[in-house]
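Notes for the one structure printed next.
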Amino acid sequence: MYNLIRKDFILQKYLMLFYLFIAIFYTMTDMSMGLIITVLSVFFTINSHYYDEKGKNNVLINSLPFSRKQIIASKYIGVLIFLFITTLIIWLIRFICQDIVSNSMTGGSITELLTSYAIAILFVSFYFPFFYRFPNRILLSSFSILVIMMVALGKTIVSRFGNVMSDFINGIQTFFSQFSTTGLYISAFVITILIFSSSWFLTLKIYENKDF
Amino acid sequence: MQIIISNNSKQPIYEQISKQIKQFILKGILQEGTSLPSIRSLAKDLQVSVITTKRAYEELEREGFIYSLVGKGSFVSAQNETLLKERQHRVVEEKLLEVIEICKDLNVSKDELNKMVAILYKVDDE
Amino acid sequence: MENAIEIKSVSKKYKDFHIEDLSFSVKKGFVTGFIGANGAGKSTTIKLIMNLIKKEKGNINIFGLDNQQYERDIKDRIGFVFDDNVFYEELSIKEMKNLVAPTYTHWDEELFRSYLEKFELPTRLKIKKMSKGMKMKTSLAFALSHHADLIIMDEPTSGLDPVFRREILEILYDLMQDETKTVFFSTHITTDLDKIADYIVFLQNGTLIFHKEYHAIAEEYGIVKGSNDLLDQRSPKEFVSIRKTSMGFEALSKNIKETESLYGDKVVIEKPSLEDIMYFTKRGKAHV
């Protein structure tokens, strides 16, 4: 299975440069670390699925000595590994850029990181079962374009809808402030894990019944 | 031992092979005890399927020209004249017994059978 | 274990086509050719064997093991060639190799390089830039480079020039020196099968027409030619189908001994090519 994960990374070899560029660029322009991580993970997820669905690559992977279980496992674990590596690299970038950029960079708190992981994981949990079940080319491309647009216009969206969003976020924060912080974290953690595992299980069932 | 096969002949390739090997044995070109190429290497050299050489060897073995040892290969059997004739006769006798059974079944007399043999032999020579 | 592949009562239904209760085996140590018209179900069968398609009923055993339960171990020993390119188009052969090689236990780097050289394949060219022939040769190089016990190919030589097809046959002749190796391939180029197939499996409309030793076919089947007046209302039951013209008829008999005893020398009986068999069998179903 190591080879499968390695494959997903190798296939995105050149995209990795693009990811790096985005990481550096947005770090410089003071976007929060968590957001960058989430965005890059979304890219990674979409592409790792895309390359396998393209052409007849499915036939290739399923003709090589892998079980369908391993193939799906590599997808889910691959994203987790990507999250981990991205965190390290961005942290490294920030460390290096500390002296170059005058204003101190926002974010980097544990909360932020965990939230970004949670969002990335929730995204993956939705993405994989949905797009393995409905691998419609058009749906896939339009979704990817949507995501790219959102990233590109990220800053604009935030500033435009800044007020609405901060009210919304404040509302959420007020709601959650009712509960104890630890309890909150634990439940969020547990729920995310549950959703991730169910998604994995579901995708596996979908994939095992596929004909190539 | 050189074997030449014709892809265009009516005769199946396995027959061509076994006939040629038979000739070599009868003429003494292939001496008793000589080891024959394995069915697989022969198939590769002649560029035919393995089942073709397998058939050829099976026929040769059935007629007593060669014998096979598991794991060792195939070898030319001792071919003294009498033994050879005996072997060949035995093969024919087996078939004749079958034919005679059928004749008895269908009420074909010995004379009729002899006449048929005479005619068929002539046809075969044409 | 005598059979490399054993298919028992396998069924798979599609909208307008189905494979029903299909059973046959592929003998270890031999070359089995797989013939049938387009749409007969050859590719489907091969995909069922490779577990790329889920069977609805039946059993498939490869090397004596269930092909779903022991999928990984089995595929480690299979070299495959499909008729469409399945490799990542964006990668070069070298990059593909880096992906594929580590997945096989017995990958032989030297062997792979010798095939690349022999097939004159460029290692750094992107696969999408290769001609169809080159893509096919690439598939073949991969399939032959990990000491697979079973080579499965779906139309491996379509689109390849005759000279290269001869070279592939030579590689197969070489491969068959090892009695533990098995080859199973589907093809339209029946002349290739004439040269190397030990057994033939003939599929039509998802049904097995026959599975025979190659030479047995010419012993049982024959093209029968004669004048039309020989045919009365009931055509002989061993005639698979008949083609009548004003000059006479041509038929495929599946029991030439019967035909001979029936017609004697009033007809000409010729050795049938695999193409003849496919042609007349298809007609046979159409005119029933």
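Labels for the chains are A, B and C, by order of writing; each one numbers its residues from 1.
Definition applied: a contact is a pair of C-beta atoms (placed from the backbone, for glycine too) under 8 Å apart; a residue touches a chain by one contact, two chains touch by 3 or more.
Here the structure is a predicted model, which means the values were calculated and not measured.
S.K.: Based on mean C-alpha positions, which chain is nearest the centroid of every protein C-alpha shown?
M.R.: C
S.K.: Please flag the chain sitting at the greatest distance from subunit A, going by CA centroids.
M.R.: Most distant chain from subunit A: B.
S.K.: Distance between subunit B and subunit C based on Cα centroids, please, to the nearest Å.
M.R.: Centre-to-centre distance between subunit B and subunit C: 31 Å.
S.K.: Indicate the whole-number Å distance between the mean C-alpha point of subunit A and the mean C-alpha point of subunit B.
M.R.: Roughly 74 Å separates the two chain centres.
S.K.: Centroid from C-alpha atoms only, then distance subunit A to subunit C, rounded to Å. What do you get?
M.R.: About 45 Å, centre to centre.
S.K.: In their complex, what parts of subunit B are in touch with subunit C?
M.R.: 10, 12, 14, 40-41, 43-44, 47-52, 55
S.K.: Which of the residues in subunit C end up touching subunit A in this complex?
M.R.: 47, 50-54, 71-76, 78, 80, 82, 84-91, 95, 98-100, 102-105
S.K.: Note which residues of subunit A are touching subunit C in the complex, please.
M.R.: Of all residues in subunit A, those touching subunit C are 3, 6-7, 10-11, 51, 54-57, 59-60, 62-67, 70, 209-212.
S.K.: Please name which positions on subunit C make contact with subunit B in the complex.
M.R.: Subunit C reaches subunit B through residues 29-31, 169-170, 173-174, 176-177, 179, 195-199, 213-215, 218, 271.
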